[in-house]
Amino acid sequence: LTSSGEAHMVSVTLKSDTSRRAIAIGHVAFSNSETLLAVKNALIKKGDVLGTARLAGIMAAKNCPALIPLCHPILITAVNVDVRLVEPTAKTGDHGGVEVEAEVQCTGKTGVEMEALTSVTGALLTVIDMVKAVDKGTRMTDVRMVLKEGGRSGRWVDAAWENKSN
Amino acid sequence: LTSSGEAHMVSVTLKSDTSRRAIAIGHVAFSNSETLLAVKNALIKKGDVLGTARLAGIMAAKNCPALIPLCHPILITAVNVDVRLVEPTAKTGDHGGVEVEAEVQCTGKTGVEMEALTSVTGALLTVIDMVKAVDKGTRMTDVRMVLKEGGRSGRWVDAAWENKSN
Amino acid sequence: LTSSGEAHMVSVTLKSDTSRRAIAIGHVAFSNSETLLAVKNALIKKGDVLGTARLAGIMAAKNCPALIPLCHPILITAVNVDVRLVEPTAKTGDHGGVEVEAEVQCTGKTGVEMEALTSVTGALLTVIDMVKAVDKGTRMTDVRMVLKEGGRSGRWVDAAWENKSN
Amino acid sequence: LTSSGEAHMVSVTLKSDTSRRAIAIGHVAFSNSETLLAVKNALIKKGDVLGTARLAGIMAAKNCPALIPLCHPILITAVNVDVRLVEPTAKTGDHGGVEVEAEVQCTGKTGVEMEALTSVTGALLTVIDMVKAVDKGTRMTDVRMVLKEGGRSGRWVDAAWENKSN
Amino acid sequence: LTSSGEAHMVSVTLKSDTSRRAIAIGHVAFSNSETLLAVKNALIKKGDVLGTARLAGIMAAKNCPALIPLCHPILITAVNVDVRLVEPTAKTGDHGGVEVEAEVQCTGKTGVEMEALTSVTGALLTVIDMVKAVDKGTRMTDVRMVLKEGGRSGRWVDAAWENKSN
Amino acid sequence: LTSSGEAHMVSVTLKSDTSRRAIAIGHVAFSNSETLLAVKNALIKKGDVLGTARLAGIMAAKNCPALIPLCHPILITAVNVDVRLVEPTAKTGDHGGVEVEAEVQCTGKTGVEMEALTSVTGALLTVIDMVKAVDKGTRMTDVRMVLKEGGRSGRWVDAAWENKSN
């Protein structure tokens, strides 16, 4: 038995504590035209879709080290989750859906990319949970990191996203 | 203040305990051609990508009620998570990626769709975590339920997925 | 060493599975007159106080067995948390506050009184967290069970609460 | 959709790491005269009430960020929970009850007020759980922060509590 | 890629709900003669060793599905944890130690062996934590299941343990 | 009521943040000769024993403050868990078993001994869970800390273990 390929939590012991930030985005695409209307008109039986998804996203960021086996625990210092209903677009397809953007900050030895991605995912899963009684075909799509700042590797940004944001 | 639109955990008290099953799928698309090779050749620094993702998916199914605010706690009776490396396809794009399929079973008053979706998502986030040192542009895509059995509403299946599986 | 007085989770193995329900209530009393206005006018920096407290209450009900050492795990089948701003009253004192009522249901071998009380408490703590930047003297008061149904001991209700509710 | 009123975890990224301390107190009031005697004489079926409540309070402090949606995770450096049976007083009413005082310390970017309050509440809920077989009318009352030290806003103390403690 | 050897949560969907019970035992052996005296005389700085270990054992039983990746979640109906200081014996060696016995019950589709073992382990780790300031060489030893009842495979008992218990 | 012997989380507020490291080891002893063969030949129904145990050990290290009541939360910076099948030896007895060694690092105010011990225990319990269908008599044995570095008390090492490792 060799140790090659064996899972482990890589050491960040020697890294320095710096301010770090990450932003991730993602989408839910509805599969029929009534879902968007039902959310807009507050007709979803489970209640407020966007507000519940936002809080789920915030709390998911804190649950990241419990979900992702090799993630380091980290002290998050800020979480912003933006949850928006969107009309039909290239991303969400013919029936519109929901767009989520999550920003997470920390001061620590490792980045918060996974926290931002887990936050987006928690918010999107919550949207699916809330609309699934009226839309079983909802899908989560295009979830990814778009910005990462701080740490030795410096700033990384998705150019397309940055252009669109400006 | 009215109660319309207020979030709540809907009552399943009067539903009967029946066997239920759900399957969900999802994908990770790599953003450069070295990632697929690195995973194949066990060159990822954090270790075994597919095995770690599989276990993360199983444990994520158990974490579902902690992540999704309005989900009912439920006694899962089985979880199977299939994690496969895939060559470039329509789903994963030009650089290939990973395909995950999770099946969850329970006997209870409510279904396991969200458990299956959370399982897929937990596995995919873990893949992203493990390859992010070599591929910051990885994206999660096309995560959705494809089968649901048991309970009052009966069987529901995504026809395209069923044809492909057969 | 005798076993008298030693903590243990009492056995409910031989109890039968029945529908059970519990309602608990509780209050937060603000300590200055600006707090009520700030919540009413959505001027609290952390955001939506009542909606956040409601979700915190729902999720707290699920966390009950993790918080209360000798509580049995249980499958909650419904949670409703009502969170209301209240003008100055006997309960909340001169500056008004928030009133929370949580109803929890289950089908199982033991009741959901502690789940209802934990739900109320989680919602009230969240209110305190959100207003503490403007009101350090906020206090939680009169948290108690008011109704319990199902199980061998049958129905129990707080008469004063029942009269007021009708 | 505007962002006003939307819940978020406020940024403490730019705050400095300092020693912080908070003390919170709270009470349980029994509803009949036998409860106090039963606890005193170790006749409670679930076992040692005060010791179990103390540990529940300590562990609750660690669970604070999981319970309170917008709380930052923090590294607690000390927790002391004092749990005392009390004879009938103004706070606990005609049948006596339990008084809890919890002190929490940390070194970090944000205070531990919510940790202290969650600690008190966890201890009090545990008391209620242990005596509820003999006292369904037990109520939690007057839970509040009494001291806060460290951080930019400096020392804050409840004068009445400080006088009584001295 | 074949599925042989891949981890999964085996299906218990078709098993019937029956009463199940398991008992596990385990020991901590102190490495110097002062430790036993210090525990006996309540000189341990962290406080009450046996009471804290007992509660840790009870709570650990509830945490089992979060710790053991392939364990099914289960509704525990009773937990008894017996924690005893022991004089030097064959099991604990020359300096004595602590003996823990945990009994867990449930009604469900799968047994509670792992819950009983996790309970014993949680209690023993807590003993080690509390004495480690005075005894770094403490070791946990001979942790095992001794009884299992209920379910298709019926009763299993460790004969040596049963003889000693009678 | 005096406070002597009452459990509390001791204060580490005034300790300085330093790099710390701990290593713990432990063993599982199989009770029949087929178990070792079954694991070697990947015939265990639940799947990959060693890989699952390794991940369970890593995740258990993160769960330490939730399991051990008086442990301080800490930011782990690295976890390595080595899980090896072993032929019959003095430690594992006539039928061989599994040997686990876990190393945990942090930068903080308190050590990671309990994290290392919890990691070892989580891995060993997982081994027992996976083989228990074929070996009910498996036992966990000789779990202990062997190295501790950093902090005021400096380096501590088990001489026998160090000699064997070199």
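Think of it as A, B, C, D, E and F in the order they're written, each chain with its own count starting at 1.
Heads up, the rule we're going with is that a contact is a pair of C-beta atoms (placed from the backbone, for glycine too) under 8 Å apart; a residue touches a chain by one contact, two chains touch by 3 or more.
Everything numeric in this text was worked out from a predicted model, so none of it was measured.
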> What are the chains that subunit D and subunit F both touch?
Replying inline: A, E
> Can you list every chain in contact with both subunit B and subunit C?
Replying inline: A, E
> Looking at subunit C with subunit D, do both copies bring the same residues to the contact (over half shared) or different ones?
Replying inline: same
>> Farthest chain from subunit A, going by the mean of C-alpha atoms per chain?
In response: E
> What chain lies farthest away from subunit F once each centre is taken as the mean of the Cα atoms?
Replying inline: C
>> For subunit B versus subunit E, what separation do you get between their C-alpha means, in angstrom?
In response: 33
> In angstrom, rounded to a whole number, how far apart do the mean CA points of subunit E and subunit F lie?
Replying inline: 15
> By residue number and range, which residues of subunit A touch two or more other chains?
Replying inline: 6-8, 10, 48, 51-52, 55, 59, 66, 69-70, 75
>> Dump the list of chain pairs that touch, please.
In response: A-B, A-C, A-D, A-F, B-C, B-E, B-F, C-D, C-E, D-E, D-F, E-F
> Tell me, which parts of subunit D touch subunit A in their complex?
Replying inline: 1, 3, 6-13, 65-66, 69-70, 72-75, 108-109
>> Help me check something: in the complex, which residues belonging to subunit F touch subunit B?
In response: 48, 51-52, 55, 59
> Which positions of subunit F touch subunit A when the two form their complex?
Replying inline: 19, 50-51, 54-55, 58-59, 61-62, 75-82, 84-85, 105-107
> Any idea which subunit D residues touch subunit C in the complex?
Replying inline: 4-8, 10, 26, 42, 45-48, 51-52, 55-56, 59-60, 63, 66-71, 113-114, 117-118, 121-122, 125-126, 128-130, 132, 136-145, 148, 156, 158
